[in-house]
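Note that chain A is present in both complexes that follow, paired respectively with chain B and with chain C.
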Partner chain A sequence: MAALTPISRTPVSFYVPVVAAAGAVAGLLVGTAQGSSLLGIGIGALLMAALAFVTTQVARAETPSRWAMVGLLGIAGFVMGGFAAAIIGALFGWFFGWFSFWLYEGRYRAYVAPYLTPGQVLWHYTFRVICGAILVFLITPILVVMPLSFNAEDFFTFTPEMLRFDPAGYSLKHYEDFFTNSDWQNALANSVKIAPMATLLSVSFGTLAAIGLSQPHVPFRRAIMAILISPMIVPLIISAAGMYFFYSRIGLQGTYVGVVLAHAALGIPFVIITVTATLVGFDNSLTRAAANMGAGPVTTFFRVQMPLILPGVISGGLFAFITSFDEVVVVLFVGSAGQKTLPWQMFTGLREQISPTILAVATILVIISIALLTVVEMLRRRSERLRGMSPG
Partner chain B sequence: MKLTKTLLASTALTVAAGMTLADGHMASEMTIVSWGGAYSNSQQQAYHNPYAEKTGVEIINDESSAEAVAKLRAMNEAGNVTWDVVDVVAADAIRLCDEGLAMEIDPDEHLAPAPDGTSAADDFGDLLVSDCFIPQIVYSTTFGYRTDMVGDTPPTSVCAVFDTEAYPGKRSLEKRPINNMEWALICDGVPKDEVYDVLETAEGQQQALDKLATIKDDVIWWSAGADTPQLLADGEVVMGSTYNGRLFSVIEEQKQPVAMLWDAQVFDLDGWIIPTGLSDERKARALDYIYFATDTQRLADQAKYISYGPARASSAPLVGQHADLGIDMAPHMPTDPNNAKNTFLYNYEFWADYRDDIDAKFQAWLAQ
Partner chain C sequence: MAADGTTLKSSLNRALRRQKLRALALIAPLLIFVLVTFIAPIADMLFRSVENQIVSETLPRTTAMLKDWDGDSGEIPSPETFEALYKDMFVAKERKLHTRLGSRLNYELTGVSSLFRKSGRKIEDMGEVYQDQFEDLDKFWKDSENWNALMGSADWLAAQNAWDPRSEAIQPAFEPNEQIAGILPETSATFQTFADFVQNEDEKNLAKQDPWALVYSALYNDLSAGADVSGYNGPGSAALKAAMAAVGDFETVDYPASFQEIDKDWHDIDVWQTIQTYSPDFTSGYFLNAVDMKKSPDGAEMRPENEQLYIKLFIRTLFMSLVITGSCILLGYPVGWILANLPARTANLLMILVLLPFWTSLLVRTSAWKVMLQQQGVINDTLVWLGVVADDSRLALINNQTGTIIAMTHILLPFMILPLYSVMKTIPPSYLRAAKSLGATNWTAFWRVYFPQSVPGIGAGSILVFILSIGYYITPELVGGTTGTFISNRIAYHISSSLNWGLAAALGAILLAVVLGLYWAYDRIVGIDNVKLGG
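Entry: the complex of A and B
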């Protein structure tokens, strides 16, 4: 990206306070971890302001100064908390070195339009920081879980060995437990048996419903749509309690078929919504053309309509699959111990014995979810490319 | 079209597979409900495995004891009882019995006599606190503390919990009034045998809450038995209450720097009930299981896997060594004379009468 605006160096009164403010935030984090937030803010602000001033005004040479900051803060981290803290310190050093010179040289102005006021430039970067903070807020819980699942101890604790990156602090024993313990394996087998069947039913019924409801001549379309989508809106616990009593009466409670039907009911709204969305772009003259050439409705559906709406069907199916695979409330009511699924096992495990095996399973499930969503995205792009909607 | 055919074929296959999986076993299986974790594992080893070997019955474990009362009520209302044998604490058994949700048991008819011929009723003795309840273990709720966080003077009295000067740091207590109110009164100078008399009065309840208020800012409240072991292992609390078997596991199996504070431990019972509303065939099988699983040897066997005391007097001499660690289990039992110097028996009648009232006060106090 070419620079949009010529840049010039900024005065000390501008960039040193800004670096100090950033230093205060970093100091708050470190200080809180060490036990004193206020002290952390003060030291962070002063230290970073001083470093920014010295590197830009006294040392002046950019590359050596920035390396010096990485080294200095890395060593400070090592003195405070060992190897792991040294890496964090070095990262801080890298960031503040870059940040100081970025402000000092006025580089922050280069890639924004020249006519922006200082306030607009500030908002430009604030907005990006806020977005980044939200992303971190969403991702952190997942990122914390992953290293903990390699814990060598049976607790949810970052042990001193782990923080020193000592191999003895890590182990795969919780993964081993997951793959050898019959409770977990039964739960996995149940999930794998239930989710595909539930997905299949959701996709079949959901697709038919979406096609039917997209015909303009169907009466009470909106009311029917609302009812079909209601499992998504009604609180899950209410659906679950209702299903429990209903299924008990008709003998489906505690059976495999019962759990599959319940999960199918939960998955159908996702399929309806995604398929309806793809049907919006579907040209109905194609079906009329097919009929004109002598194809029956079934042939038309499989040969003409289905291939075109397939991306919507597949992504709806994946959502239905993940719903069933992640679901705990309904299965607790509708299932019996014979249908114990993975989420159920995790739920009881979390309550009765806080074991990192749960974290190992969570990590595996996260990876599966990421893989599934990647597939959806790739399918979406492929279909766009095929339909000529994007140059890709 | 190839894709369509593939889709259709896989559909047909999945449906067929689903149907065959749906049927299958049903004939000789029973669902046993328990608490999960190390406790269920001890039952699996001591009761379920030998029973399955002897009879060929397949046992399905359901870990729903925590919500057993609510679920049994719902099952009863729906007319669809899917559980065969349920492990509950004595207080829950009393409630279920009162509501007619648990079957009455005649100990001398339904339970095995001791090897020396003593009748089951005498062997269990006072522990048969309800007509529907077959006691299995005696457990206690007691405190564990971090040995590396208490300095040179490890606590010896339960009142150390209320002494934040000598033992600074957080403590974990259960998020309910039971036990906490009693401990608070004892440490406020009420003699042990007068605790429930004091707790009957509104002033006594306020006195207990006031005592708890002195440490309220230092308390982490727990609701699952696994919480305190996690907090102790983390070093987030200096001491905390939980079930003694959990602390045994933290200390002996996980080798954490934690020690037991047996002082003023509160004894409670855990055991089996059989739900009402079972078919005759299932009822007969449940009774057969109970007869097998609560005999003298089986109860003593369970103590190999977890440090809870067997409920039969005749089982105590048979308690041996831990199955994996090979250490003697007797000194880790809550009922061992060294540990039981100062104990407290949970008063079922008191809590049956006052629980709702005190619970409400306690929750209101917590929210303040």
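Entry: the complex of A and C
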């Protein structure tokens, strides 16, 4: 992004107090942890103000000054609390070095409109910090689970060894437990048996129906759509209750077939939605052209239509897969011990004998979902490109 | 006119019809699939919420007798009703259905369950009075073979004797002796019930099974009512005639008194009124129960204060869903705004931070919160390390409402951000600049120009989050403890623990109605076709 506003250096009376205020906040955190908040505020403010003044007015060279601050605060941290504190100190140093020069050089002004008042500039950055905090909130759980899964102890919190970055504090034993424990392996096997079957069912039925729904003249289109989408709308506990009652009447409760059928029903709305969305951009004259050149309906479907809507079908299938793979409420009621899936095992693990192996499983699942997310995103872009909807 | 003589209009119509049929043929397999695997279960659940056949199926004779009984008179039902209850209970006990009925009626009146269980244990003794007397009179009545010879038809008897119990062949189904059925109607009917039970439910050899005590009391009833046995010459006619002569001197059973001996509650009007109130095949009882009311002889009334539970739970579910929706708006709005206003490259990168939790397994996110919010968890540890809270007064963030609200806000936040983002993306930034150049302050420009245009996004996101949150089960179950649970947890409890399926179905039906109402609103505001997945 090009700079919007020409920048100029700011006076000492502006940036030194601001850095001092930020230093006070940092000092408050460190001070409280060490036992005295007031002392922390005072030292933090003074120290940071002095450093900002010295680096900008006395040393003047930006890059060495910033490295010096990283080193200085890193060493200070090491003296106070060892290796982990040294890293925190270095991070503080990096931040304050950057912050001092950012303010001093007036760079904060470069990318905002020139007519904004100082108050508006302040709000602009405050707003970004708030948004950043919310985004951090969104991914914190994932960030916390990953390191904790390497815990050497059976605790759910960071042990002092982990905080000291002591290799003895880390281990792969929870992963080892996951791969050797028969309960977890059975659950994994069940999940792997159930999810692909359910996906296959919902994709094959769903694609056909989506093609039917995209024809120009479909009687009762709205009503049919409402019925097909309903598994996504009805709360899972209600679907689970209904299926439990009904499937036990017809003898499907507690069977592999019952769970597969239930999961297929839950995955269908996702297939319908994604495939109909892809078909919106489908040019029907292509099928007519194919028919014109002598292709039968089956050939037309597999050689012309299918390749074009394939991205939609695959991402619908991935949605259906993840629905089944993640699903726990319905399988809890419709399944029996023989169909215990991975989420079910995690659920009982969380409710009864909470074991850190869950964190290892969670980490593996996060990695799987990152992979799936990447695939879906790539497919979406590809299908938009095919339909000429975006230049990318 | 086309070449073959049909008008253009009719051939167009035909083509259109064929197109419609082809579209329907493509949709049909899935539609049938969804109807069978999903809609039928939901319909079944709705049916179960009013279904009440168990009372009239288990106690058919008693409920028929009770039809004319007036509970307000303050008198216990007639001795005939007690006799009907004896017969019903006897059969139910043999088929092991009496405890099920007991627990069903126990939902309505506490104590009925133990009453039925107790009565089931002792019901046998009541009929043995007649059995003993018949057996004392003649050894003939002791033997099951004799009974079969007396009650069964000749053809069946021959087939049964020829049948080899060890073979794979099916036991020949019992057929009554027509002549005996005419003379001793009640005995024959009771014996048929017995034979049917032994052959089909118990799957035992009828030839080896002694008849129920109930058959003896039926025989006594038939004989004392003056059955005409003189014309009968078949097997066992001598014993039958001897019995006919002797029944006059038999000791009889006083059913009301015998039942009172088993448990004095049988002379309690409440018990009988409950049975009578719940005899119809369909009942609104479960729905009344689901809104803290109960059926009484004078119509529906509120339950006593200390038994009220569900209205509170519904209100709590709605209130917590509102709080969750509110906090999602509060947190989602700024993020939606910044995603819509940043340059595309940066926005796409930040979008990953929103989509990643969206794609992560629900269980993973819930377990993460469970780990973080514990007393010894990461958040409390950090707060203690910072000195914000003392080590001995760690915050209770889990197993209460706070836990549920924090975890569910996090889980549902992407569902708010995505619709907000797609709406905000369509609001041209030049509007805000125009407002400002016309002299509006920042706040006015936002509140009068930008915000009204983003309301559809807020509406769509709110309804989506609200619908999802009122039906949530997993997260409240794991982090909600007792005070942070929703109505769905109660439904699950009634299905798997208390086994009160009717009540679970009624609670589910109410929840379903709320969700469908909201869904209808969503369809009106946003349109179901506009549901987007993953941005």
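Here is the rule we go by: the second predicted complex is superposed on the first by the 301 of 392 C-alpha atoms of A that agree within 3 Å, B and C clash if a C-alpha of one lies under 4 Å from a C-alpha of the other, contacts with A are read in each partner's own complex, and residues count from 1 in each chain.
Note that in this section a residue touches a chain if its C-beta (ideal position, glycine included) is under 8 Å from a C-beta of that chain, and two chains touch if they have at least 3 such contacts.
Since the structure is predicted, the reported quantities are computational estimates derived from the model, not experimental observations.
With both structures placed on the common chain, the touch criterion links A:Y244 to chain B and to chain C. Of the two partner chains placed by the overlay, only chain C lies in contact with A:I211; chain B stays clear of it. Of the two partner chains placed by superposition, chain B and chain C are both touched by A:R351. Contacts of A:V192 after superposition: neither chain B nor chain C is touched.
Residue contacts after overlaying the shared chain place A:F156 against chain B and chain C alike. Comparing chain B with chain C, more residues of chain A are touched by C. In the superposition on chain A, A:A337 contacts chain B only, with no contact to chain C. Legend: residue contacts after superposition of the two complexes on their common chain; A:Y256 is shown touching chain B, with no touch to chain C.
Chain A residues in contact with chain B (one complex) as well as with chain C (other complex) are 155-157, 244-245, 249, 350-351, 354. Of all residues in chain A, those touching chain B in their complex are 153-157, 183, 193, 196-197, 200, 244-245, 248-249, 253-257, 260, 302-303, 306-307, 336-338, 340, 348-354. Put simply, chain B touches chain A in their complex at residues 1, 3-4, 11, 14-15, 18, 21-22, 29, 31, 33, 35-40, 60-64, 66, 74-75, 77-80, 82, 224-227, 229-230, 233-234, 254. Across the complex, chain A is touched by residues 16, 19-20, 22-27, 29-31, 33-35, 37-45, 48, 331, 334-335, 337-338, 343, 350, 352-357, 359-372, 374, 376-378, 381, 385-388, 410, 413-414, 442, 467, 470-474, 477-478, 488, 491-492, 495-496, 501, 504-505, 508, 511-512, 515-516, 519, 528-529, 531-534 of chain C. Chain A contributes residues 1, 29, 32-33, 35, 37, 120, 123, 127-128, 130-131, 134-135, 137-142, 144-145, 148, 155-158, 201, 205-206, 208-209, 211-213, 215-219, 224-231, 233-247, 249, 261-262, 264-265, 268, 270, 273-274, 277, 315, 319, 322, 325-326, 328-329, 333, 343, 346-347, 350-351, 354, 358-359, 362, 365-366, 369-370, 372-373, 376-377, 380 to its touches with chain C in the complex.
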